[in-house]
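Order as written gives the chain letters A, B, C and D; numbering starts at 1 within each chain.
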Amino acid sequence: MIFLPMNIAFFSIFLLLLAAALAFLFNRNQKFLIGVCFSMTTIASLLMVAAGGWAVGKGITNQVILPMGLPDLLFHLRLDPLSGFFLTVIGLLSFFVSIYSLGYVKGFLGHRSVTSLIIFYCLFLAGMFMVVLADDALFFLISWEVMAAASYFLVMFEDEKIENRRAAFLYIIVAHVGAIAILLSFGVMAGLATGFQGFSGYTFDAMRATNFPLGWATAAFLLAFFGFAAKAGVIPLHVWLPEAHPVAPSNVSALMSGVMLKTAIYGIVRVTFDLIGVFPWWWGAIVLIFGLVSAVMGVLYALMQHDLKRLLAYHSVENIGIILIGIGLAMIFTSYQMPLLAALALTAGLFHTMNHAMFKGLLFMGAGAVLHATRERNMEEMGGLIHKMPWTAAFFLIGCISISALPPFNGFVSEWLTFQAFLLSPSLPSPLLNLLIPMGAALLALTGALAAACFVKAFGVTFLGHWRGPHKPDVHEAGWTMRIGMMLSALTCLALGVLPTVFIDWMDVLSEQLVGAKIATSATGIGWMWLTPIAHERAAYSGPIVFAGIMAIVVIAYILLHARPAAIKRVPIWDCGFEKITQRMQYNATSFSMPIRRIFGFLFSIKEQVRLVSQYGHRAFPKKLHYHLRIRDLFWGWLYKPVVDASFWISRKVGRLQQGKIHVYLIYSFVTIIVLLVFLR
Amino acid sequence: MPLLILLSVPLFASLVLAFIGDRKYAPEINIFGSAATFAAGVSLALDVYANGPMLAGGKFFFVDAFNVYLAVLTSFVSMTTAIFSRRYMRKEREHGRVGPIRMRFYHAMFQLFIFAMLLCLLTNNVGVLWIAMELATLSTVLLVSLYRTPSAIEAAWKYFILCGVGIALALFGTVLLYFAAEKVLGEGGEALLWTNLSQVSGKLEPTVLSLAFVFLMVGYGTKVGLVPVHNWLPDAHSEGPTPISAVLSGLLLNVALYALVRCKVLVDGSTGTHHAGDIMMGFGLLSIIVAAFSLLRQKDIKRMFAYSSIEHMGIATFAFGLGGPIATFGALLHMLVHSLTKSSIFFTVGHASQMHSTQEMDRIKGLIRGNPLVGWGLMFGVMAIVGMPPFGVFTSEFLILTATIKDAPFLTPFLLLGFGVAFAALFRRVQPMVTGPAPSYQRPIKAAHIPVIFHMALVLAIGIYMPDFLNQWFHRAVELLK
Amino acid sequence: MILYPFIIEVFQILLVLAVAPAFAGWVKALKCWSQGRTSPGLFQPYRDIIKLFSKDVVLAENASWIFRFTPYLVFGVSVLAGGIVPMLSVDLPLAATADVIALVALFAIARFFTALAGMDIGTAFGGMGSSREMTIASLAEPAMLMAIFTVSLASKSTSLSQMVQVIYSGQSVLRPSVAFALLAFILIALAETGRIPVDNPATHLELTMIHEAMILEYSGRHLALIEWAGMMKLFLFVMLGIAVFAPWGIAASGDLTAIPAAVLFMILKLAIVGAGLVLIETGLAKMRLFRLTEFLGSAFLLATLGMLSYFILE
Amino acid sequence: MNTSLAANINSFLAAMVLLTAFGMLVQRRMYGLIHLFAWQGFFLSISTAIVGFVAGAHHLYISSILTLSLKVILLPYILHILIQRLKIHKEVETIVNVPMTMMIGIALVIFSYHLTAPVRELSTLMTRSTLAVALATVLLGLLMMITRRHAVTQIIGFLAMENGLFFAATSATYGMPLVVELGVALDILIAAFIFGIFFFHIHTTFDSLDVDQMARLKEED
């Protein structure tokens, strides 16, 4: 049996490595390289989608052992529905992004060599795929770090900019610390699996087979959660994310934000549901709480940004939070043996994983197109791009609607499912949870609404109105490959939103394997058009009808109103009859978010100062008004600065040891020997 | 027979080079000599791999899995270092930092140093072990002060005195060991042969051996560079010529650790407690922490990597002290990959400082732009040394960490602290050196490609595909060190 | 027989289209009387809409397609929503299209596009309106969800028709939780439909207007659609409240005979609610923007109290 | 010569070794220092010879001769030469706080006595009591290296440590195996040459042999 999902996956990874090798060998002809290598990655990603989709759809599980690694601990690979699902997610987005890159990367030609970009791009993809395929601790960590290192170099791509270096450094530090934590958690589990004798315990199978004592299991879980949270950008471990994602090339930020974070989600699901399996409810509570905090804080910080890509990066924090909410709920339900509800929550979480990959990738690609056209990341300068780049604007708008969880697009469906999961929490036997979990639902609602506000701002300020900056660049629409990339993901967003039932039907095997219940049977209870998570009396949503209905009415209304020739007079802006309106008078990003800044001000560290140059020596007649606003992440001051300062303090103290005089060194050895003789003999 | 070649070639080569070391073709001879040594080492290794441990020269030499792989490693790294030093020293000579006499001296001492280390590894006599160790020190002292700059002389002096004192203490320990041994084995040379000692270690007097171990620990520990008797190491590494720094931290430290571990086995056998292991763990942990934090504020590039060597020696010592199959396996692997990685790092560092004619990290910039091999070599070297997969160092640290969780879970936080800080410190310094635009004062050089590529390829290979024979070796060694 | 539900559906949608302006007119008229002015009469809104339809569209030069698409979308959303909320009968074909949450989301997308349209022209007013609108919405949303949550606790469902049926089956009559939820819902509805004290639909005074600021640049049929959709939105919120909290009179099954009664009941309730709305609007003054936090906060509080009382008292 | 007498002589010599060690600890003048060192070596070789004679361990003769030639004749001679070459024979070194140093020295002796007590119980040799002295000598040498600031005195302290080690080798056991003895001697010889070279380097670069000025290499605050 040669033709297995696993073999397809192998071939795809092989293609990626081959592409990297090609880029390494023929780095003379850059144009050619871009064409060939990115086409290869496109094919490879598509193959991965095929492999993953197949494995999930048919519920296949392949296991392979490669003759590599330590002889006692060879590389174990396993392609089961869970990994298949994530393969599909990653593959799908990387497919779109690879097409997009065909055009986008050409933008660097002339400025710099793109060889390293291509090489690390391929390695990055390969790393992500391998992470999902890994079935033993060692190989998992190796792929994990390959992924991290590759993305580190990608962030570093434009390394002459200081901000890139700073961001890359921060990123690699956090990533590595997280990796160490994950390593430890695996160490704990492997140890318990075999009593620390020999290497057999490091395979995931061995971990699955063991049932862990609660204390150790908790240690393992907390370590793993810390590690994966660091990668996923869960608050308060998120600070690297808004630094690293904006400065990377946009196709890379699309991948990092869209799918790299998802590998962390994969890790959490894998460790909790698959490897450990049995856990108390408060694990879920922990995940839920961190999810909620990340969701709300993430969107609030996003609202304060005026750098387009930074804004999107903070939204990744938010969406990761939403995903974690679903997973946390699933864990709680599981711990109370409510498989059906757990399945619902888990499906919601994983569905949102898929959706976020799609629309966040789309948005970053759009931002990339804007950046590509305007050489500008600061929204305060932008405006009116919709006229120059209509396609990009349309796709970006679709992304905005989807991420704001508005029907009929995909973001809404997954959040709606999450709400349903929340609404089912009263059936939990614990009164405390009954009282507290609804609060979570409210917070989620707040998040959704704020996200909508944020993307009205993002789209409105970027694409609508007039150009705000002093000198307007000659903007041009993105190239056709870039447009195709965006269009495909936009269509995916729509499809997932309109036909969720099909998708849920496909991925149902996951929840069956992980929590032991399917929801598809009930989810499509009254036909494929209606999504009815538990029962149609309970709640129902029909994507097709909403979409078709609205469109139909719009069309009818349009036709009716244009029955008689309807003239449209184009005139200057009215604006209540105000004459001297300039583009500087428009609302910009900062002013748009001002009310929310006022209301939630206590959550940021805001420095706001107004300098007023008055006329006729009286404040009442201002000539000039300078407004300066600086908003920083609270967690810098709370978490990171103290750590850094402390370590430097210690190192200064430690430096005293090495203070030059040989006598002192002799005294060290003298004292050492004496002390040892006295105490440790 | 290969054993004889292995030991005689470097000795002979050093004699020859003492006279013609300044000729144009001297570097080639140097390379050739060490290549021959390496070949001999390999054949010896194959021999041992086939027929198991062997005694030779009337029990004077003893070769088993543990020391043979270190011997091969030593000869290999010495060979690559010789290749590296060919171009490096030529450059130094062009800059007029070393004259013909010193070149002679340099080559001769280099080979002598190799000889001393091989003798140290292969001898069966604990006393001779000590002598060889002292010889290794003495042969490198004057190499450290090769440039005759004040700081070089200062560094060499400290190296000389501190290691002298340390080694003297080790001799005292050896005397005590002999004292205990002759009770069992009777007088004469027999009583210092490791093979005999290890057989009767159960009968040796515990009090004496634990006393002896204290002296051996501090003595050999000084050469391993364990805190708090490490102070000579950063100076010596930073001031000597780079090839010497490479072999010092790549090989000498390993050899010293080897001696220490051999002694530990005896002490454990006699006392039957984990006492010696505890002491080693203490030293190791202290070294890791102190070195990691010292890394944070380094300005001199070679000095920084010297501290990183202290840290990694600490890790290995800690793991040996921890004991148990996984930890010991990890420690052995760690000795191997560390010396490979660290020496390759020193190669790149040497070229980098030649390109900018300084060792100050603030003035070293844009290496990738300037010389991709040096730049990427340094980058990947550092990635490897801080324990990032897929390089071999990760594998060993992986094993050591996971073993620690079991035996001493409460030490893991400290271990992690050390790793984390070291990682941050190294990256913080290396990233700006490697990346960014090349500065105006950067000068192009002809870098020695082969050693760096060789080493990194090996480390990578060990990381993702460890050959089975290596595994076998380590397992045998683990058995020996039980 | 099987066709009846579809007939009712169509009838209901037409009813919404037809009656919504009348209800708006009714509220206006009551307000005028309560303030001692002579009212333009119940049918003024119809005249306005017709007049606007017959006028040409005057469009700012830099208005993009979004600006022109928005009115149609808003209108479409309102009409669709009109088919979902049970007013006349519980058994509606479209009922399963969206539950309460999805319904709220439907209005949200209308709001989303309105806000975009507000920013499209690039005037200060438009941006101001959108910014404030979105802010208020994001404050109202959690409270809304809490209210829904509380009610759904009682009826174990978020689908409207199911809620109505549960109330019919007498499981939940005048529970404290539902009462709290009702209060919360009223506050939220005021905010969502832009009535005093949150927003003043009658004003064009620059600094106080919110919804008006966004649609300032609209004219002709676009404006007509938006106005009409706005009236429908108000109407639908009232209907939503009625369906969830006082559904009596809505036909429990899909037969035509019960419809006339249902229509009568509906008109009666509308009249009462309109009076209540006018009482609130004349009784209260418009709030400053940053006082709204407290307003909607109290709404959230009430809803939460409702939920707590469900768990504690019932 | 019977064993007890030899033991007495031996312990007397041990006492002398210890005395010379103390003497070196406080001796300020270079020549005096070197003479003391030579004396110590002399006592050492005598005792080695005696032990060898009594125990009939003939390889000890060789080692005693080694000691004599190396530590009594050769090394002092080299040091003499160096001192004259470097013109530092006039130098008078200041020692910080002599009484304190003495106190520490005494403490060290007691300590090493206490330390070697168990070992002494085990030993059956007549020389066993001198092990404490050997250890004390080693530690005193180290102490001397710590307290002195002059390169030459540091070296002498180092060599004194070596003496202690030799003494330990002969007293604790009847001498190490010959090969080891020879090797150690060789090492010391090489060491002697090396520090000889060093004195010149240091003197030329720092134009004095005060090691305190060699404090460049350090972690700056």
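We adopt the following convention: contacts are C-beta pairs under 8 Å (C-beta built on N, C-alpha and C of every residue); 3 or more make two chains touch, one makes a residue touch a chain.
This structure is a prediction, so every number in the text was calculated from the model and none was measured.
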Chain at maximum distance from chain B, centres defined as averaged CA atoms: C
Chain pair with more C-beta contacts, A-C versus A-D: A-C
In angstrom, rounded to a whole number, how far apart do the mean CA points of chain A and chain D lie? 70
In angstrom, rounded to a whole number, how far apart do the mean CA points of chain A and chain C lie? 36
How many angstrom lie between the centres of chain B and chain D, each centre taken as the mean Cα position? 31
In whole angstrom, the CA-centroid distance of chain B from chain C equals 79
Residue numbers of chain D (touch at least two other chains): 115, 142, 145, 154, 211, 214-217, 219
Chain A touches at least 2 other chains through residues 652, 655, 657-658, 662, 666, 669, 677, 681
Any two chains that touch count here, so list every such pair. A-B, A-C, A-D, B-D
Within their complex, state which residues of chain D touch chain B. 57, 115, 118-119, 122-123, 135, 138, 142, 145, 151, 154, 158, 161-162, 164-165, 168-169, 172-174, 176-180, 183-184, 186-187, 190-191, 194-195, 197-198, 201-202, 205-206, 211, 214-217, 219
Which bits of chain A are touching chain C when the two form their complex? 383-384, 386-387, 393, 397, 401, 404-407, 412, 416, 419-420, 422-423, 426, 431, 434-435, 438-439, 441-446, 448-450, 452-453, 456-457, 459-461, 463-466, 526, 530, 532, 536-542, 545-546, 549-554, 557-558, 561, 566-576, 578, 581, 583, 585-588, 591-596, 598-599
Using the touch definition up top, name the residues of chain A that touch chain D in the complex. 652, 655-663, 666-667, 669-670, 674, 677, 681
Per the touch rule, the chain D residues reaching chain A in their complex are 111, 115, 139, 142-143, 145-147, 149, 154, 211-212, 214-221
Chain A residues touching chain B in their complex are 68-72, 138, 141-146, 148-149, 156, 159-160, 165, 168-169, 172-173, 176-177, 180, 183-184, 186-188, 190-191, 196-199, 202, 647-648, 650-652, 654-655, 657-658, 662, 665-666, 668-669, 672-673, 676-677, 680-681
